[in-house]
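Okay, got some structures for you below.
Paired with chain B in one complex and with chain C in the other, chain A is shared by the two complexes that follow.
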Partner chain A sequence: MKQKLIPYSITLIFFIIFAVFFKSLKDTNIYTPKTKINDDIPIFSADLLFLNENSTTTEIFELDKFYLLNIWASWCIPCRDEHPILMSLSKNNKLTLIGMNYKDNKKNAKSFLDELGNPYEKIIVDNNGTNSIEWGAFGVPETFIIYNNKIIKKYIGPLNQELLTEIQKTIK
Partner chain B sequence: MIYSVVGHYSLILGLCVGLILIFFSIQNFKNSNQLDAKILSFSFLQLFFVLISFLALIISFVISDFSNETVFNNSHTTKPLFYKISGTWGNHEGSLLLWLLVLTLFIFIFLLRTKNQPIKYKILTLGFQQVIIIGFFLFLIQTSNPFNYLFPVPDEGLGLNPILQDPALAIHPPILYLGYVGSSIIFSSALAATTLKMVSTSWAVHIKKWVLISWIFLTLGILLGSIWAYYELGWGGFWFWDPVENVSLMPWLALTTLLHCILVLERKEILTSWVIILSIATFTLSMCGTFLVRSGILNSVHTFANDPERGLFILIFLFALIFLSLYIFFFFHQTSKNNSSNFFWLSKETSILVNNWFMMYFLSVVLIGTVYPIFLDVISSQKISVGPPFYHKLIAPFLIPFLFAMAIGPRLKWIRSDLKDKIYLISLLIISILISFFILKNFNTNILINTILISSAFYLFFITLRDFFNKKYKNFAQNTAHFGFSLLILSILFNNLFSSEIITNLKVGETYDNLKTKIVFESINQKKEKNYKSIIANFNIINSEGIKNKLSPELRIYNQPNITTSEADIKTTLMKDKFIVINLVQNQDYFNVRYQVKPFMLWIWLSVIMISLGGLVSFLQKRI
Partner chain C sequence: MKIFKNFIIIFLLLTFNNLYANENSERNEITKNLRCLICQGQSVYDSDSDFANSMKILVDKKLDEGLSEKEIYIYFKEKYGDWILYDPGLNKNTYLLWLLPILIFLFGGAIIAKSFILKK
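For the complex of A and B:
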């Protein structure tokens, strides 16, 4: 019995180490952007794509209106998939779509929109990705629903039909 | 584009060859009269496929093929060719591919070079190694494929992080990986030898070469990383106890201990459990390092993008290997009958054993300092960070007996001995104590522990120095390494004690003056290079003896990605380094100037080179 105790206890210790690592992997939050739902939107100023002008948070987002901020890039394949959904959302006049062009090149972004259509009212340029980080984005694509300068919903990854109906319900 | 396809498919083929090799190994293991010729050729084939894949990635980087996601994320057309190539392994995906390349290369060399060992052992080693290789193949293909497509093809890449655009760092990863991966061979062969119950002196002689070669590369790899940190990070230090540095130090400590155990096992069949556990520990610590760095659990200067999915894969893989080795160790290993109980107290093996325990202590300190914050975070969600004072306080006092044992131990004989030249040893000890006492007294830093620490380092220094001229003393390799170590400790101690620093804000034309040093900020130049713009500040530094030094630190503003780095200007002389670095202050007129005088910097690098030279001599030496 005594001889078996050592192997078993060592194995147990390693299981505990495994469990701790596993847990810390699950809630690793060192690089996790902080933004939570119901937070105020970050204040920033950035260039607008195709317009050669600079704009700030307060100029883009007005109170009492629903906004959808979509982070996208021409090199992002899932963005291509969700684009038809954004196009159909843009027809809804209760909702204003704002794009955030993430680490992209102007020419590619333009040809992407020329090909698939432009659902956005304004597009914020985010060449180095810092604006997206301020918003608490994990990657592209990502979508935020904004009302009264607060983030009320956040979708990580591409939108689909299911989320489309959810968004439509939210703004009603 | 075509290169990505070639690279991707040759990776998959390499994986298939791995599976075939496992199948052949099992077959050959059952009727093992001779090594199946197929095994050797398939191992070569695997190496070939990984090499093709690696070359494909290099070519993609060289021709800036941005349809490849890895190239897009880490390269840029304006980057110099040298950094385009080194960018191949300056990122997560590419570095794993390099790792895989070294894994397959080493097992091929192992099969080719291992003679006079049982066939079963060779096959079993190959089997264990293939388990590791297949694990890495799956990891690479599943979670970090270096050949992912991008469509539409971007015109320009995002660029390599400028702090990685440095010659020392270009060769640091490959050298370090040679060390890490070399330990995988030791791991597999130790498991194979345990299973076959052949952990013996002849096995020790055979595996010693592998231990030495990984040890040399690991030592040099850590050195290069440290040099890079000193020149590039601009903090003026060479070791920061950063988690990523720690995870390279831990396998080194385990491997160094293993090396010493192997030296004992070469002569006498003792310490077998030590050898097996350390062989397992070295590799699992290397893997654990990979896990900690790549999963994003730890926060560090190293720039790998992190992804929980990758972390999960390595974690499961790592613990699968740990449990496999625990199983093999507990069920197959039997401690030899003449175990440690009949050690004579004054013998070489006792002193090696004593130092092993010290090494294990240092290893635990580093391990706890590195992973304890993670445990605390999980268990009580408190966040702490462990800094240099923790390591210094816990390691420095124990260096004293460690250094003494290092000085005396090699002079003892195997099995049983008594000390000769007692008078001689004692007089050297007194000399060392006196020297260190006077040094510290002159500099007004008289702290008891420093005196003892420096005397113990001096003691080792004098004894090893004398042994170079002692014709009776044959172990040149050991002596070189120990001499290097004493030099290293001395340089680090003096460097810590006698460094001085001036931090000030200056405008162009201004002068900083204290009694000892005068810093004149003379002028500013601008320069434009292919991939960055730079601001060069010219300083004239005059010390109390009127010696003038012109130093010109730089601020570089890289164009892709848009990052500013500060390049320190360092004047290296034999005895001290003069280190100056500037930074922009919010108010643009002023520059923040940091000027440091750091004695014995060069000797830190030289002594580490000397330590690895000792390893090299031992590697090349024929056994007497």
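For the complex of A and C:
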């Protein structure tokens, strides 16, 4: 019995190691952030673009309303691509669009919006990128759907037609 | 001679006033333990990307607000998940990572001990 114990245990160890490696074989080693989240929105105050005033997130985001927060910059090329989609979303009266101008200067931001249209009701200024980190963002462009002060969805990268229909379904 | 003595005392007192270049040491230590999520294999401390620079500013801000090192890790973990920490805590996703080496070590020890006892 004792002599049989060692081969049995060695087989068992090999089996465990095999199982661990086999499991991780199928896992992706590229980091993919969660897109379905239910986190509270961060509370902070920030300056608003073109308005010369300071506002807090609790003032901007009211309860029982759908909000879309879009992080953008005039120097970001994908932001230019997704802009028509934001323009069409801004026509939807169930959704309020809030922009966050990421590491940009006022003049360029203004000419960007003059050229392509302004879909945002309010624009938060994020000069040093800390506000977007508070939101758990990675860079530009990034979009959050907010309802009842909770982030219900997060889209990393530019929006496209497919995501547009998904957002429209979410806010129905 | 007395003037010389006084001069030496003043000189010694002044040399105690050393300046160190470690004002950012706490921030550096924290950022070394945070992964730069948009870089490959770099910590926030090592990276000079937009994301990492903003993280550094935010760590400074949180330290000014009086948060401890641990609280800052928890703060970032809530925002970005376990992946942002280089030293993940023990939870249901990482228990195998932490416990398997210990288990194998104990098992090996048991085999060795057993074979010695068997020999005797």
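Heads up, the rule we're going with is that the second predicted complex is superposed on the first by the 136 of 172 C-alpha atoms of A that agree within 3 Å, B and C clash if a C-alpha of one lies under 4 Å from a C-alpha of the other, contacts with A are read in each partner's own complex, and residues count from 1 in each chain.
We adopt the following convention: contacts are C-beta pairs under 8 Å (C-beta built on N, C-alpha and C of every residue); 3 or more make two chains touch, one makes a residue touch a chain.
The structure displayed is predicted, hence computed values, not measured ones.
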Touched partner set for A:E166, first chain B, second chain C, both or neither: neither
Which of chain B and chain C A:D47 touches, first, second, both or neither: neither
Partner chain(s) touched by A:D81 [first = chain B, second = chain C, both, neither]: neither
First (chain B), second (chain C), both or neither touched by A:V20: both
Chain B versus chain C as contact partner of A:E121, first or second or both or neither: neither
First (chain B), second (chain C), both or neither touched by A:N105: first
Chain B versus chain C as contact partner of A:T130, first or second or both or neither: second
First (chain B), second (chain C), both or neither touched by A:S9: second
Intersection of chain A interface sets (partners chain B, chain C): 6, 20, 31, 103, 128
Residues of chain C touching chain A in the complex: 37-38, 50-51, 53-55, 57-58, 61, 78-81, 83, 96, 100, 104, 107, 111, 114, 118
Residues on chain A engaged by chain B in the complex (per definition of touch): 6-7, 10-11, 14, 18, 20-26, 28, 30-31, 74-75, 77, 103, 105, 107-108, 111-112, 128
Residue numbers on chain B that touch chain A, as the complex places them: 72, 150-152, 154-156, 158, 291, 295-299, 306, 308, 311-312, 315, 319, 322-323, 326, 330, 374-375, 377-379, 561-562
Interfacial residue positions of chain A with respect to chain C in the complex: 2, 6, 9, 13, 16, 20, 31, 33-34, 39, 103, 128-130, 132-136, 138-139
